[in-house]
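Same chain, two partners: chain A is paired with chain B first, then with chain C.
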Partner chain A sequence: MALAPKKNKLSLWQRIRQNSLAYKFIAPTIVAMLVVHLIPIVQGLYLSLLDVRLTTLTLYLKAPFVGLKYYIEVFNAIFGIGEDGASSRVTGLINAASNTLVYTIWTNIGTLGVGLILAMLLNRNFRWRGIARTLVLLPWVVPTFVTGTIFNFIWLEQGGLANRILLGLNIVDTPITWLIGPNSLYALVIATVWRGLPFTTIMFLAAIQVIPTDLYEAASLDGANGWQRFRHITLPLIKPIAATQVLFGLINGFYGGYNIAVQMFGGGTGFAGEYADLLVPAITRQTWERHLYGFGSAASVILMGMLLIFVGIWYRTFRDSLRAE
Partner chain B sequence: MQRSRRPFINWLTLLTLISMILVACGGAETAPTATTAPAATATTAAQVEPTTAATAETAATTEPATAEPAAGEVTLKLWHMPNGAAPADAIQAEIDAFEKANPGINVEPEMLDWGAAFQRIQTSVQGGEGPCLTQLGTTWNPTFAAMGGLRPFTAEEITAMGGSDSFVAASWATSQLQGMEGTFSIPWFADVRALAYRKDLLEKAGLKPEDAFKDWASFKTTLATIQEQNPDVAGIAFPGRNDWNVWQNSSMWIWNSGGDLLSSDLSEATFNSDAAVAGVSEFANLYSSKLTVTNTLELNSAQVDASFGDGRTFSAITGPWLISNARTAADAGGWTNRAVADNLAYAEFPAGPGGSYTFVGGSNLAILKSCENVEAAVKFVQFLAGNESQLRYSQAIGMLPATKTAQADASIASDPLYSVFISAAAKGKTSAPIAEWGQVESVLNEQLGSLWDDVATAGGPVSAEVVKTRLDQAAQTVNELLGK
Partner chain C sequence: MGVSLSKKAESARPARATINYKAWLFDRGGDILLLILIAFMLLPILFLILGSFKSRDEFAAASSFFPSEWKFSNYSEMWTRVKFGTYFSNSLIICGVTTLVVTILASMSGYALARFRFPGSGGFSMAILGTQLVPGTLFLIPLYMTFLWLKNNLGIPLIGTNFGAIVLYVGFFLPISLWIQRSFFATIPIDLEEQAMVDGATRFQAFLYIIMPLAGPGVISTAIFVFLTAWDELLFAWILNVQTIPVGIRQFTGVAGSQNRYELLSAASVVIILPVAAMFFLLQKRFIAGLTAGAVK
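Entry: the complex of A and B
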């Protein structure tokens, strides 16, 4: 322990030399990560400065250099600035951004909230616990495209499972329209939460299981009730895991939804309507269908920047919890 | 011990890194070697030179390479999409027949999902590697032709297939590109839209098809009458927003109303004209007038067909593929045990103020510029455009042949169900042969899709202003994309 502060004072190169064996083992992974992640990111950044369109696509990275033209176009599309008051080559970005924000908030509330409840239930001793834990994990093995297809049938107004249950239990009098109109976004949120629950549940369950039981016993002896034990023991001790989950949720929220949306709405067209169009489907659709590849790259870079801001906020919020871990 | 182990780990790390780099870099070069290996080794030297000069524009440079392999085996790669209920069997039957007639040419089919096909072909065109032959959705031809990815067919090759006049006019139009001479693909089969309806319910209502579907007014009266007599049956079903056929289904109402999608020189959007707005409003208000299946706006094409098959609707906007459903045994997934099987009939779309037109789509066959066996590829295309293959394949997949000769064959022309499509196809319209069509389609799908949201939430008829606002927005975007 006494050596730890000294280690921190070593230069990066010295630390690499000191841990050379470990670095040799991770070297192939580092190279693979560079090839798989860094090169495409750099290529995407460069592409966003080029005029890559239908007629220049075959030139690819040799397409004419246009600098920040597409960045300006994306901002014009978002803020309605342009020659005619708004650039209309790309449409619906501000609407998609607003939907994405609502989608991210609700999917996080859903997966974290329900995931925590499920984890606490599955941590209790009951007869069919093993089977219950397996069942909770099932959605995880369903590919997202399949999830979209399944939920397309579940949400059908006539004959769909959701309406059958709601009508059967007398919760509603008339069938709800899920796949068109304002409910579309919530149809997408619920499908995403269903698919995301197993991961959050298993992470929370793992975190809860390592909490020493004597803490609860001591609290009980001191007269703490169930809520107090949860509030003052469980919650603080799972905070680092919760923080990580929020980070995953943010990233999944911003970048997610594409596969499910594409299959649930439209069998491949990728347009979930103005009520449920998200940023990534909107950018993908307009990039590929309208052949605006330079625009697509610029929009993706801006989306990455926006996400980094949120990650920054996340880090500031949970910095102490992460350090405590 | 540590000293003796360190060099080993150093070497192991180095070897792993080198092997990773070699695998990453070598992928692109090793793949073609693997695929050409089964072919005659004698051709290898001959093919090297054209490959290095592959960027040359003339297709002629590739032809010498194909003249030599006649002595050996030639392998053609074909990309096709899941056409019909048994797509692999249907294409294999054509390949078997072709290979039997053309020893030495082997065709290797690969089925692509419709959702992924466009990007796969685009990547292939961009990278200069891919199959020799590919199926193209009719609206894709201009895009890939403009990218310079397709090898044009020569006048002699087209003449050998019977000439351009031997194909349905609307289908042939999809093989061209405005502003560029040449035929970039050959129509393979036609997807023609019509109204499927239940003739038993029409007879019960005492109506004749020629009166019932004569014009918009009589059509709406027919739907209302049928619904009144059959409380469990809706008037019509059609896909709303959640489908590929958003603009296609609306376009027929635009054309029949006297409007058009683009101006005659194809340089400007006209789908927001007064006539077009009136046509789309007429279509949209079928839902508001409660003449449709209640959830029709959320359905996709397959679900619409299913609701027709289940007897939940009197009519549906669909294609000829229901014929094979009606004639396929129930235990093979067909409808022979249902009321609809004996009562399926088709009608052309009711005429509006502008006439009666229908949408003609389908698929074409294209040879990619990177194809090294052009002669063999042309032979296969000529085979597929031949009468025998046209008849067999189109019936296997439930579409219409693209050639007039095949359409005139007694097996189709005298069939009461197919004959409606032949008559409709003669008055068919389709997408514009411009490079930007994909963009036009995307914008139209978005705004018309949003219009279906408006219709679903309106709680009553949507006004012409609502329709016009959507179409104006689409027109503004399309005009900007077209450079107007």
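Entry: the complex of A and C
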């Protein structure tokens, strides 16, 4: 019955038979993952080596093999090598790659940092705690494409909510241009953080709530101040949750942002401009609007490589916090 | 909003002979910061709701925070200006069926992963997590081509149909959902099943009648998570030409005749939030319990 999983001396076949219910339970999931994930991913990897464009799309996997041609183009574009020989295909990617890095770093800092502060503020005892917690969760029910719509209105240079508040509080003298130019990436970061905060806050709050209060009391008796209690009790104990949140943040940073950007920029037409264009929107444009399917696949693989490097760093950093579950 | 410390919190602090002014000030500072952050979370939503009642000209002028004249007719016009009703019902059908199927399948597989250490379970887990690391832009083209091939050669209508979107989303959201479910099942003590099986139940019966009723919060959090994510999916629906809300709503800004109707877009956005908000707030407690259970057990 394999109720308590443990090492046993049964043969493989016996162990498979013993767990037959488990196989029946995962069978539909395996089929779904094969059809929607594994087979398309393998095809996509192969596609990145082919010259699939509008004229050769019908050939699909029989399209001319070009090997690493598109990889080299994307790679050169991202690192600014050999721009002379580069075709117009890559121009959109040069900024998108660095924007994606900046976007990922800032959305992570914002969501995790503010999320932790919010969780600690909400963990105190006060009369309106229940209401405050519910209100903080509100952005979560707002779909990301609606988030983009809302922030499109908020960042308007004339009469937008952000400038209205900043001018009203005399923080700035003249309206800030948010949606065009260098500020646009931060406009995107803030919208993303706004939408991401509730989830991170809930997770941190849950982690903080299970920390036994006598730990803090003992530390206080030993003379630890607030910062020391935070540094040596709270932080180490929420590290496992923080690790998960960072991983989600990395994935969302590299692969996300599409829905918000599409609705937020260009009055809903979607192009963010060179300062705030991310890789996923850029790749999507190259693939589907310019019909460069092989090129888009190669760029996607490189994007995945970028993420995997960061996931590797993440794993080395948090290895000790990841409990074997 | 008055935010004050209760006596309970005060007593949880170390006993001091004198009032600790520094701690008191620190707490008041926290209250102010919390108010600012809550305002940051709330104002955008409030701004959207108020904007949805403005007239077209007032919205374009962006002259005031509150509408000078409340134009409730936006909420009737938004249904006629674009085919919002179609998008809305398509989204409801797609997300509803997807949620149902994913939740059932995720419960079964999540249970299998939480309770059995079967040959291949490690690889299966890795595959599940691995799917989350692949960008959608990589497998969107092959999916599109496969769906096209199935349509042309076998006559299965997967492109531009709700059925196609459901197939796609079930496969999409299953891995992450079963991971949420798995964490929740792991928090349920195994003794209950063992007891039921000692009493003569089969493993399947124990799962169905003992574990599933206890898994309410896990099921609810999975279901809400799937619905919320499917409700929000734009890229694949757009490429596969499925007329869901995220695809259709772009017509308020892009299509002749309904161009730049931002007040209608606002009204539509409010309507889009409502079903999710209702579901979320009705089930909030169990949802959060389910979502955080696996994480902090």
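Odds and ends about this structure:
Please note the rule applied: the second predicted complex is superposed on the first by the 277 of 325 C-alpha atoms of A that agree within 3 Å, B and C clash if a C-alpha of one lies under 4 Å from a C-alpha of the other, contacts with A are read in each partner's own complex, and residues count from 1 in each chain.
Criterion: contacts are C-beta pairs under 8 Å (C-beta built on N, C-alpha and C of every residue); 3 or more make two chains touch, one makes a residue touch a chain.
Quick caveat, the model's predicted, so the values are computed rather than measured.
In the superposition on chain A, A:122 contacts chain C only, with no contact to chain B. Of the two partners chain B and chain C, it is C that touches the larger number of chain A residues. Legend: residue contacts after superposition of the two complexes on their common chain; A:22 is shown touching chain C, with no touch to chain B.
By the touch criterion stated above, A:70 is placed in contact with neither chain B nor chain C. In the superposed pair of complexes, A:103 makes contact with neither chain B nor chain C. Using the contact criterion defined above for the overlaid structures, shared-chain residue A:290 touches chain B, although it does not reach chain C. In the superposed model, A:303 makes contact with chain C only, not with chain B.
Applying the stated contact rule after C-alpha superposition, one finds that A:274 touches chain B and leaves chain C untouched. In the superposition on chain A, A:156 contacts both chain B and chain C. Annotation: chain A residues 21, 25, 28, 32, 35, 60, 156, 158, 262, 267-269, 288 touch chain B in one complex and chain C in the other.
Residues 1-6, 8-9, 12-14, 23, 26-27, 30-31, 33-34, 37-38, 40-45, 47-48, 51, 61-63, 65, 105-106, 108-109, 111-113, 115-119, 121, 124, 127-128, 131-143, 145-146, 167-168, 170-172, 174-175, 178, 183, 186, 190, 193-194, 197, 203-204, 228, 231-232, 234-235, 239, 246, 249-250, 252-254, 260, 262, 265-266, 269, 272-273, 276-277, 280-281, 284, 288, 291-292, 295-296 of chain C are the ones touching chain A in the complex.
Chain A meets chain B in the complex at residues 21, 24-25, 27-28, 31-32, 35, 54-55, 57-58, 60, 87-89, 91-92, 152, 156-158, 175, 177-182, 262, 265-269, 271, 273-275, 285-286, 288-291. Chain B meets chain A in the complex at residues 9-10, 12-13, 16-17, 20-21, 24, 114-115, 118-119, 122, 125-126, 143, 146-149, 240-244, 246, 293-295, 297-298, 300-303, 435-436, 438-439, 441-443, 445-446, 449-450, 452-453, 456-457, 473, 476-477, 480-481. Contact residues on chain A toward chain C in their complex (touch as defined above): 1-5, 12, 15-16, 19, 21-23, 25-26, 28-30, 32-33, 35-41, 43-45, 47-48, 52, 60, 114, 117-118, 121-122, 124-128, 131-132, 134-147, 149-151, 153-154, 156, 158-161, 164, 194, 197-198, 202-203, 206-207, 209-210, 213, 217, 220-221, 226, 240-241, 244, 251, 254-255, 258-259, 262-263, 267-269, 280, 283-284, 287-288, 293, 296-297, 299-301, 303-304, 307-308, 311, 325.
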